[in-house]
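Handing you this structure, nothing more for now.
So that you can tell them apart, the chains are marked A, B, C, D and E in the order they are listed, and the count of residues begins at 1 in each.
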Amino acid sequence: MSWSRREFIQIGSVALGATSLALGGRRSLFGLDSPDVADPHTDGDRVVATLCELCFWKCGVLAHVQNGRVTKIVGNPAHPLSGGKLCPRGTGGIGLLYDPDRLKQPLIRRGDRGSQHYEAVSWEAALDHTAENLLKIKAKYGPEAVALFSHGFGGSFFKHLLNAYGSDNVGAPSYAQCRGGREVGFQLTFGAPVGSPEVLDLENCRAIALIGSHLGENMHNTQVQEFATALSRGAQLIVVDPRFSTAAGKAKHWLPIKPGTDIALLLAWIHVMLSENLYDHDYIAKYALGLEELKAHVADKTPEWAAVETGLSAGQIVDSIRLLAGARPAAMLHPGRHTAWYGDDAQRARAMAIVNALLGNYGRQGGFYLPTKLPVAKYPGVPAYATKPPPAPDKPKGVTYPFADESLAHGLRDASVPGTAAYDIKGWIVYGTNLMQALPEPKKTLAAIQHLDFLLAIDVLPAEITGFADVVLPEATYLERWDDVAVTPYKEPFVAIRQPVVPPMYGSKPGWWIARELSKRLGLETYFPWTDAGQMVEARLSAAGFDVAQVKKTGVFVAKHKPICLEEGLEPTFATPSKKIELFSQQLADAGFDPMPKYTPPEEPPEGQFRLLTGRTPTHTFGRTTNNRFLSQVYSENEVWLNARIAKERGLANGEMVSLVNQDGERAGPIRLKATQRIRPDCVFMVHGYGHESKGLHFARGRGGNDSKLMSRTKIDPLMGGTGMSVNFVRIEQVTP
Amino acid sequence: MTSPVHETVTTRLNPAIDPALHIWGWEITVYLFLGGLVAGLFILSALFELQKAKPSTSSGMRSVPLLALVLLSLGMGTLFLDLEYKAHVYRFYLAFRPSSPMSWGAWILLLVYPVGLLLWLGNLPAALQLPVLARPMAVAQRWRRPLLWLSVAMGVGLGLYTGLLLGTLSARIQWSSTVLGPLFLTSGISTGAALLLLLPLHADERKTLIRWDLVAIATELLLLALLLIGYASGSSAARMAGAVFMGGAWTASFWSLVVVVGLCVPLAMGLLEVRKHLPLIALTPVLVLIGGLSLRAILLASGQETGFRLLP
Amino acid sequence: MPHQLEKPLWNPYFAGILLGLVLIASYLVMGTGVGSSGAANRLAIGAAHWIAPTAVEQNGYFGPFVARGAPVLDDWLVWEVLGVFLGGALSAYAAGRMKLDILRGPRATTGKRIAFALTGGIIMGVAARLARGCTSGQALSGGAVLSAGSWIFMLAVFAGGYLVAPFVRRQWK
Amino acid sequence: MNLPLYPNEYFGRPFGMVVGTLTGVAFGFVLERAGFGRAPNLAAQFYGTDMRVFKVMFTGIATAAAGLGLLGGFGLVDLAQLTIPETFLWPQLIGGLLLGVGFIVAGYCPGTACVAAASGHVDGLITYVGVGLGTLVFGAFYPQLQAFYTGSNLGVVRLDLLLGVPFGVVAAGVVVMAVACFFGAEALERIFTRRNAEAQPIVARPFRNRAMAVMLALAVIAVVPAFATRSASASASASATAVKRATAIDATTLARQLAQDPSRLQVVDMRAQEACHQHRVPTATCRKDEKDDWPARLLPTRALVLYGDADLRQVPAELARFPGDVLILRGGFPAFQHAILDPPVAPTETTLANLTAYRAQSALHTHFTGQQAAPIVQRAPSTSPGPAAPAAKKGGGC
Amino acid sequence: MRNPRYVMLVDTRLCVGCKACVLACKSENNVPDGYCREWIVEDIWGEFPDLRAEIRSTRCNHCSNAPCVDACPTGASHFALGGVVLVDHDACTGCKACIASCPYDARYVHPDGYVDKCTFCLHRVARGELPACVTVCPTRTLHFGDANDPHSEVSALLRSREWKVDHPETGAEPNLYFLV
């Protein structure tokens, strides 16, 4: 029936073939041709090698500049972390640089905190005002009453400033709110944290198990590259996730586990490994302690038992661990990154570490490698800090989290409410982290801010936190400034530098300049001897003996490869008290905790409510990039995922706008509903970092839903104080037109 | 409902392409409608004269060539409005691409003008018979009969082309049907007759036109049935494309506006006119014109949405 | 052309029975009765929305009709009234009653007739919204399914008509 | 076939719209033929000279009501699925009065204005435009009108339900009333026509009589099914009294109720005494021999649960006088034995639903048998080489 | 020497749908805001918990028998080096017939008035580089090369791996292959 184009052409050709031949086509006849290849001319007249800062991973990039404008950002092939490839965010640096909403001038607050009433002032005035307030706090409460909240590479200068000032209270939400549980669990077991970049030799791995880690949506460049390499080499994948994530779509086994029951699964896996002799006998005998205790501990943790707890089938549990263990030692249970889920996260990480120990993969090819790093001295010639500050007041009175090895950001926040901690925090310096979204329980954050004497925010964009600051200082973006020398522990030892691509736009200033100007006013300028960070970088590099010009040209120096695993002749060592892998942890037993991970069933969501799970999208680094118009072209607002069957039962349509209300009546949205088969019926999922309320974020404001608001409740990890956040339940309300 | 659940998500959001293709709007609808109408006018007026072997004396019939040219120019005007790169419109006439109906159409449109102009000149009202026009008029009158035949040919070409323009775009499953050309031609003839009926005509011309219009409407109904049968009996893609009229989004407007308003009711009224010799009223041709416009609008809008994206 | 005389009207009882059958058919097929003012309502809202979108969207009554791209014109009543128009036209034409004119009482002027028609229409527009239907949708359709409100409405219509009829007598008599 | 078609999803919304157009065509055709396309015809209603409007409308309503009553009475159409306008007392009363006013002023109601416009009468078109404008006026004053507009909502009030008689009966009443009114209307017509000296006979008498006969016949027929169904349901309820209070209860429900609130039930084992003594439903008492007057000792405040070897067909004669509720265990004792007393079998497929059911079942099993210390979980035989699991301390409950 | 036939291969086993290619394309080719020359499609089949997924990066198929080239009335859409389908901006009238003729809906109207689409980054290919999307892809999902060269990587992959194309029934002979 259908008219074939071919037939038409034939008819046409027969009828007018002669004519068209005579005309000979437009091209030759009229000679108005444009060149075949239209070049968009985005190659730069100048290319600068620098480091990305769309997330903290610090991939090497090449920025093309044409007529003083950055046209595109591509990967730096010489840099080990990018290898010339980039995640979507890396390309989007131009969206940050040319964001029309950027902070353009220093601001001093004129109205009440939160009223967002500001006056634009000169740098002089803003810095004087800041220094005056910091000196006032120092005089009244001592220097330790000032805390720094920091995220990102540029924070190092402010940490340096604060240390010189006399305080050691530096908190990053990335510890207690993200990877802390994992670090502690692995530290307790292997004597070393997993670190960042994670010390995982993914590319040589033959079988990978992910628990709640959604590589592919979580776009840490190098890791995803290695992950894909492993897959292309035929590595087997097991994904444990309540959601059918991107990774789950590529997995041999997808275990749609009931949220909060991971430890049950892990114990059952250990049970199978021990009972079926799937573990590495020699490795364990040589390097580990506590196998017998472990055997006893998991003796009754059968797959059938775990099946009931986890909602999985016993067969699937057994099959998946057999698959994983079959590939040992080039097999790993990925430790994940964001692990602050249920308040027992350090213990879950312990269980994961134990599985890895049984696989015998620590210090082995295709497992956990032992990273190397170049020796580069910190600020040569700068005097040592004058005062030794007291320990951080980040734990409430009478509570110790004995294994917390970094300051708890939420703890510092809570210490700002007078009388709750060892001493009160009176001043905050907030660098590049939007505490209103980065910390759970935002109401507590608001309350804490009201007790402060002074709040300084240093940022690129007017995130919510800047609306509460007394002084807001506009920092230059990473494309406009020098930063410290990046010395990253990795498979290859290397250093890399960040250098300015274009001069700072508007009235923004580089972080070093801001820190140094403040140091002058605080009487600390001996700690900042270089006029700009470029000089500092040169001084550090030349002190370590590098060819500065070469590093500036290529952006990176990679040293010769050193052995990083047993296969390459490096004997693994363990920094635990016993100098062995501690399957049974005497440290935990001594501190009064379970020496081996114990399973406690999670709280069930009440009728009509769903457990709220959060995650990320590959195109965004949470709230930091949601105002990035370039990146938002492919993902501009988050959605809430709900099982399609449940949605249908409740008369909710895919794509309709809904509100989320949590167990405490906190509300987020309106947010678009994604009714999908890809999630369990008992939970909902959304990407973190949306639902901005700051008036200055003209693009991001009001887009999507803010999950932080729904986290009005946390479960604190008793080992290290991490805030388990997947303990909130929400119900879904239709938004009536 | 036994097919497995299928979810598909795309990140593409190009304006006018996503979520559903909508590149051609009212401009092309009007253009296709007027193109068909003009084709009908050309064919009908020429056939009339050929049948009678002498030019009509009614002012309606005499004004047809000029009217047709004016309407065609209007149509080309809307076509021009639709062009996204208006300054490049001359490019149509720097090339002839035999595989592109659009190219054929551009050239046909250019040929229609002189034919129409000569037809008009050959039958110019006395008031306008200026001395300057004497020579061309003489030519036009001498070649009148061949011109009329050419006019019919041009009309058929134009009418078919408006349908084939869509019909050859096989990526739009709904349009990819051989019926579309004849359908648009028939509809053009029927709307042309309807427009003529609204002009001052002699009673016998009117009578003949009504009969011709009825035949055209009946044929159009038949062709529409063929079109739908074609969808229903075609591949799964064709069935999906046809489904927009059989319970899909365009069902109501298609059946009500095209079939009932534009075809069935005028057919009934026309039959009454012919059989019961009821006095003629303007409503019948107006409904036919509404139906013709709706047919173009609906096929154009719904067809664009029936790309291969429909398929799993 | 022979000019035919108008066909006589149907006997009211016969027309009524047919009307009842149409109504039954509508209920049996669609589960709902017929209507008429609803289409005018939607057409007016559609037109107003086209002219002043925000004002209409923010209006408490109109808002839901146009909320989130709701198909304000793609509604059963709109199509049905289109059919009423066609049916009326067909019938009038077949009966030889189709004629372009303005009907008025023997003593009313054309201008006055138009003013009255418009005023009456506006009053009915308001009334029909208030009562959620007109003589077709409320009285006829609702009455047939024995809705109490419809019967009240119907009696009120006759009452209103008879009350005012003496005052506008000049228009009609 | 289930009527009405559309609500029972015989076709989708789009075709519904097409049906709308076709219905409209028929409606418009009839209205025009009834003479509703001409304002003078309509206005005459209010001057008593031509009761056409009244006659057509009432005949239509009466026919439709009787027809629907008839079809509904025989169960051919589900009256509950028909869209029935809600009653808003005051808005409809005031709205009706206003509409009447508009009617006589304009000479049309909205529907007839449409028909008038279709037959070329410009005044009809103007009226219809006015209706649209009126809508906008209403919208403009909506904030002021809202309270009144949404007030006095009585919900769906159907006269038949209000009066408590079948639809058909009310419909028949409507018909009879209509016929009576027609005679009155015609009498009025004669009076007014005479006064106005218009001598045209408005209705041909023979047809009027026939039409009224048809309607009356319809009325009679409409009533019939109403009575037919009534008597049927009456006889059904009469026979129900014999086994009135013996409702069935399944084993799991019984077990759950016994576990949660044992004081509301009393269970009697109707099997032979030996069998009862061996195994019975926990808390059940065994039936005593014939001489014992055990039924008298039953507590009338508790529901009585009976069970036998299999389904008990009916309540035993000796319990006929028991005043409270009587429940019969479905499937008798074997059902209870199977569902509760036998250890539950772990599901082979661990879906969420399976597990939930399994947990509930094992909880009941544990409750009644005490055989499982673990509250819920039935452990499958351990595959581990280690020693038997220590008494279930971990795992378990949620 | 034979004419090259440029093809692109998308390894659906590796693609994570991160959209790096989409954004790299946008910045390389200066694609206006809100438009894209390539995009990601995620297909999920089945019902929880039995699901199957396929994610692929997709774009213009540069068909060997391109309907858009046939439909273009002015010759603006034409075959260029290696069979790559290009639009000559100066010859395009914006009539949009090519958009309607494309089974993949890969084209769009550039705000400047001409029809635009993927060029396989021919300006880069012409100087020996790979298209921007291929270069950036962190999972090495994308492969680009000359299918007429039997020694090329793409030829080897097409020989060794199972593949499919989108809508082969159109007869357009697409040159975008999906490795499965």
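By our rule, contacts are C-beta pairs under 8 Å (C-beta built on N, C-alpha and C of every residue); 3 or more make two chains touch, one makes a residue touch a chain.
All figures in this text were calculated on a predicted structure; none of them were measured in a lab.
Undergrad: Which chains end up together, and which apart, when chain E is taken out?
TA: No chain E: one piece.
Undergrad: Would you kindly count the fewest steps from chain B to chain C, each step being a jump to a chain that touches the current one?
TA: When the steps are counted carefully, the minimum from chain B to chain C is 1.
Undergrad: Quick one: which pair of chains has the most contacts?
TA: Most contacting pair of chains: C-D.
Undergrad: Measuring between Cα centroids, what's the chain most distant from chain A?
TA: C
Undergrad: Mind checking the centre-to-centre distance between chain C and chain D? Centres are C-alpha means, answer in whole Å.
TA: 31
Undergrad: Approximately how many whole Å separate the CA-defined centres of chain A and chain C?
TA: 65
Undergrad: List the centre-to-centre spacing of chain A and chain D in whole Å, with centres computed as mean CA coordinates.
TA: Centres of chain A and chain D (C-alpha means) sit 57 Å apart.
Undergrad: For chain D, which residues are shared contacts with two or more other chains?
TA: 16-18, 20-22, 25, 120
Undergrad: Going through chain A residue by residue, note those that touch at least 2 other chains and give them in order.
TA: 5, 9, 25-26, 32, 634-635, 644, 676-678, 680-681
Undergrad: Could you list the positions in chain E whose residues touch two or more of the other chains?
TA: Expected reply: 17, 19, 22, 34, 36, 40, 44, 46-47, 67, 70, 74-75, 90-91.
Undergrad: Note which residues of chain B are touching chain E in the complex, please.
TA: It comes out as residues 4-18, 21, 23-24, 82-89, 91-92, 94-95, 97, 99-103, 105-106, 165, 168-172, 237, 304, 307-309, 311.
Undergrad: Chain B touches which residues of chain E in the complex?
TA: Within the complex, chain E contacts chain B at residues 17, 19, 22, 34-36, 39-47, 67, 69-76, 90-97, 99-105, 107-109, 112-115, 166-167, 169-170.
Undergrad: So in the complex, the part of chain B that touches chain D is made up of which residues?
TA: 247-252, 255-256, 260, 281
Undergrad: Okay, in this complex, where on chain B does chain C touch?
TA: My answer: residues 203, 252-253, 256, 260-261, 265, 268-269, 272, 276-279, 281, 283.
Undergrad: If you look only at chain A, which of its residues touch chain B in the complex?
TA: Residue positions touching the partner: 1-5, 8-9, 12-13, 15-17, 19-20, 23, 25-26, 29-30, 32, 634-635, 644, 676-678.
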